[in-house]
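The block underneath contains the structure these notes are about, expressed in C-alpha cells.
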Amino acid sequence: MANQGENHIKLGVFVLTGLSVLILSFYLIGKNHNLFGSNFRIRARFSNLNGLTEGNNVQFSGIQAGTVKTINMINDTTIEVTMLIDNKIKSFIRRNAIASIGTEGLMGNKIVNILPGKVAGPPVSEGDLLAAERMVSTDEMLQTLSKTNSNIAQISEAIKATVLKINTSSLMDLANDKRIGPSVRSSLLRVEKAAGNAAQVTAGLNELIRGIKNGRGAAGVLISDTALAGNLQMAILKIRKASDNADRLTQQLNSLTQTIDQRLNQGDGSLNVLLKDSVFAQNLKQTMENLKKGTDGFNQNMEALKHNFLFRGFFKKQEREKAKQK
Amino acid sequence: MAFTTNIKTFFGETGNIAGFTGRFFSTGLKPRFEFRELLNQCYIIGYKSLPLIGLTGFIMGLVLTMQLRPSLVDYGVESQLPVMVGIAIVREIGPVITALIFAGKIASSIGAELGSMKVTEQIDAMEVSGTNPFKYLVATRVMATTLMLPVLTVMGDAISLFGAYIGVNIRSVTSFHLFFTQVFHSLEFSDALPAFVKTFFFGFAVGMIGSYKGYTSSKGTRGVGSAANSAVVLSSVVIFIIDLLAVQLTDLLGLN
Amino acid sequence: METASNPLSDISPEHKPGTAAIIIENLCKRFGDHIVLQDFGLTVQREQNVVVLGKSGSGKSVLIKCIIGLLRPDSGTIRVFGEDVTKLDHDALDKIRVKIGFLFQGNALYDSMTVRENLEFPLRRHWFDHSQKEVDALVIEALENVGLAHTVDLMPEELSGGMLKRVALARTMILKPEVILYDEPTTGLDPVTAREIDNLIVKLQRKYHTSSIIITHDMNCVRNTADRVALLLDGHCYAQGTYADFERSADKKIKQFFE
C-alpha cells in the first residue's frame, strides 16, 4: 500500500509537470498575440491594406507592440484597422505618430509599423485615430523603376554618341595602316589555325571518350597507363602556358585601347599625333610580337598533341577521310 | 471465396470494435468508478512511459533539426531553423511520433495483459467476484491512455524542442532564450490546440484497440501473441487515420 | 427428468424444492452446430457434494459456467435457491453470485497482485462495509483454512501448483458462499497433492455447510468427495447414484471410468 502511495505521488508530479508545461506554452503563445495582459485600442485608416489580416503584428519603431484586432471596410477607399497595443508602450506613442503597412523581412507577413511623429505631441488614448502614411505599393515601385529606365535610356544614348565619335574619328585608319595590318592579319591567322587545332583535338578527345564509353578500342586500357597520363599532363601544361600568353596579350591590348581612349578624351585626339608617338608604336609592336609568340606556342602544343602516339592514329584517320571527301 | 470471407471478417471486426467502444460509453462510464485502479493504470501507462517517450522525442528533435539544416542553408534562411522545427514538432511530429511509440508500448502490453487474463480465466474470475471486468480492466485502461497520452505528448514536445535546440547549437550558436522566443513567436493557438486535442483521440484509440484485442483474444499462447501484435498494428493505423481526419477537420474549421 | 433411462435402477432423485440448493432442468446449450448440453437435468441438495463425471470436452465446464451466469444457456432453467439465473439481469446476477463460489480449473489468480490482494478482490463489492481490520481478518482466516497464512504477501508466481490451488480455494471461500462450483480441482496435480485438495474440499464443506458441484474425471477425487455422482454423457445426465452404485454398475459406459 505504501508503494502505491509513492506511485501516486510520482504520477501527480508527472501530470502536474505536463500540465504546467502546457499552460506555460499556451501562455507564451498567447503573449505573442495579446490574448492575455492589459492593452488598449488605437485605429488607423488606409486605402489599401496589401493583404494585412487580423492577427498580424503591430510594431512601434520596430518593437513588437501588439496585433491587428479587426479590419472594417468604411467605404470603397477607406479601410479602418483597429489595433490592440500593449499598455506598456502606450506612454511612448504620441497622437501624431504615423501608421504604415510594411512587410516582415522581404517575403514575410504584413505588419503595421507605427513611427513616432517628427515633433512631440500629446500621448495617445484609447480609440485614437492615427494618421496613416500611404505605403509604397508595388505599382509605385514600378513607376519609379520606369523613371530609372528612361534615365538609363538617356545615358546609353550618350554613350552611343561617344562611340560613334570614335568610329568616325580616324582611329580606323590605324587598322588600315600597311605596316600594322599584315602583322595583325598574320597573327589572327595563327590564332585561327590554333583554334582549328584545338577544335580537332577536342573532337578527337570526344571520339576517344565515346569509344571508351562504348567499350570499344584499346583506349580504355590505355587511359589507365601512367605514361600516357604524364603525356597528357604535359600537353595540358603547355596549353595552359599558351593561354597564359594569350591572357597577357589581351591585357596589353586592353591597355592599348585605354591609351587610345585617353588620347581621344584629351580633345586633340588626332590619330597622327597618336601614331607619331614612338612609345605607343613600340607598345603596339611589342603587343603584336607577343601575340605572335603566344599563338606560336599554342600551335606548337597542338602539333605536339597531334603527334602524341595516342592521338596520332585518329588524326591520320581524319586526314584520310578529308582526302577521301576531296 | 477467400476474398468475401476477408471482407466479412473486416466488417465483422469493425462492427465489434464499434460495439466494444459503445460498451465503453454505456457501461464503462457509469458509476461505481474504479478510481484506485484508474490511478494505478495512469501510473503504469503514463509515468512509466515517460523515459521512452522522452528519449525518442529528444532524438527526433535533434535529428529533425540536423536534417532540415542543409535545405534551409541552401535557401539562405538558416535563421528560420527554430521556427521550422518548432512548427513541425508541435503540429505533427510530436503528437504522431509520441502516439506511435505509445501505441507500440501500451497497446501491446494491454493486449497481452488482457489477453493472458482472458486465457487464464482471470476475467471470468472477476466477473464471478462481482466486479465488472469491463469497468475494472477496460474502462480504467482506456481512460488512462486517453488522459496520459496528451500529458506525454506535451512533455515529449518539450523534450523534442530541447533536442532541437541542441541540434541548432551543433553547427551554430543560439541562446536558449532566442531559440524559444523564435519558436513561440511563430506558433499560433491554431497550431498548438488541434495538435493537443487530437492526442486525446490517439490515446483513446490506443486504449480501446489494445483492450478490445486483449479482451476478445482467443485461447492459447498464440491468441495472446496475436492479440498484442494486432493491437499495435491496428492502433498505429488508426492513429494515422485519426491524424488525417484531424487535419481535414482543422482545415474545414479554418484553423490551418 | 432422465430417470427413465437411468441404468442405476435404484435411483429415485428426491425432488423437494425447499431443501434443494440447485435444480437444473432441460438445460440446452450449443455452440454453432455443436450441441454441448441437451435436456440436462440435475438436482443438488443442501450440504451435498455432487460430482459431475464426464470425459474431457463433454460439456462439464459449460454446465457450471451456465450455473454461475458466465454463459447463457439456449433453453432450460437453472434455479439457485429458487431463483432462475438464466433470466436474471446483471445486477441480480451479481447478488446471487455472492452465494456461489467458483474454483477455476487454472486457478485464475490475478498474477499482477499479491495473495492478499487476490483475496481482497472479491471483498471489493463490500469495500465500504468493512474496515481494513475486518478485511485483514477475513483474509487471514481464509488462508488459515487452507494452511497458507504465511504466503499472504507473496506473488502467485512464487507459489507451487498445489499452493496456488489452495490460495484459489481460499479466495473462493472468502465470501462464505453457500454453493461452491469446482472446475476440475485436482487436474494437473500429483496424486498426493490432489488428495490434500480433496480432503480440504471435504473439510471446508463440513465446516461451512456448503453444497457443491465438483466437475472432474479423476476417480480418486470422486471417491474422496462425492455424496452423489452424476455421469454427463452426450449432453445429458446418463446416470446418477452414489460412488458405490457406480462402482457396482455393469454398464459399459460407466465401467470405462473405473479402468
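By written order: A, B and C. Residues from 1 in each chain.
In this section, a residue touches a chain if its C-beta (ideal position, glycine included) is under 8 Å from a C-beta of that chain, and two chains touch if they have at least 3 such contacts.
Everything numeric in this text was worked out from a predicted model, so none of it was measured.
Engineer: When you average C-alpha coordinates per chain, which one falls nearest the overall C-alpha average? Tell me, please.
Structural biologist: B
Engineer: Can you name the chain that lies farthest from chain A, using the mean of each chain's Cα atoms as its centre?
Structural biologist: Result for the farthest chain: C.
Engineer: Could you tell me the distance, in whole angstrom, between the mean C-alpha positions of chain A and chain B?
Structural biologist: Taking the mean C-alpha position of each chain, the two centres sit 49 Å apart.
Engineer: Centre to centre, by mean C-alpha position, how many angstrom separate chain B and chain C?
Structural biologist: 43
Engineer: How far is the middle of chain A from the middle of chain C, if each middle is the mean of its Cα atoms, in Å?
Structural biologist: Chain centres of chain A and chain C, defined by C-alpha means, are spaced 92 Å apart.
Engineer: Looking at the complex, which residues from chain B come into contact with chain A?
Structural biologist: It is residues 39-40, 42-43, 46-47, 50, 150-152, 154-155, 157-158, 180, 184-185, 187-189, 191-192, 196 of chain B that touch chain A.
Engineer: Considering the complex alone, what residue numbers of chain C touch chain B?
Structural biologist: So the residues of chain C in touch with chain B come to 65, 68, 70, 90, 94, 97-98, 100, 102, 104-112, 121-122, 124-125.
Engineer: Which of the residues in chain B end up touching chain C in this complex?
Structural biologist: 113, 117, 120-122, 124-132
Engineer: Using the touch definition up top, name the residues of chain A that touch chain B in the complex.
Structural biologist: Touching chain B from chain A are residues 4, 7-8, 10-11, 14-15, 17-19, 21-22, 25-26, 28-33, 35, 55.
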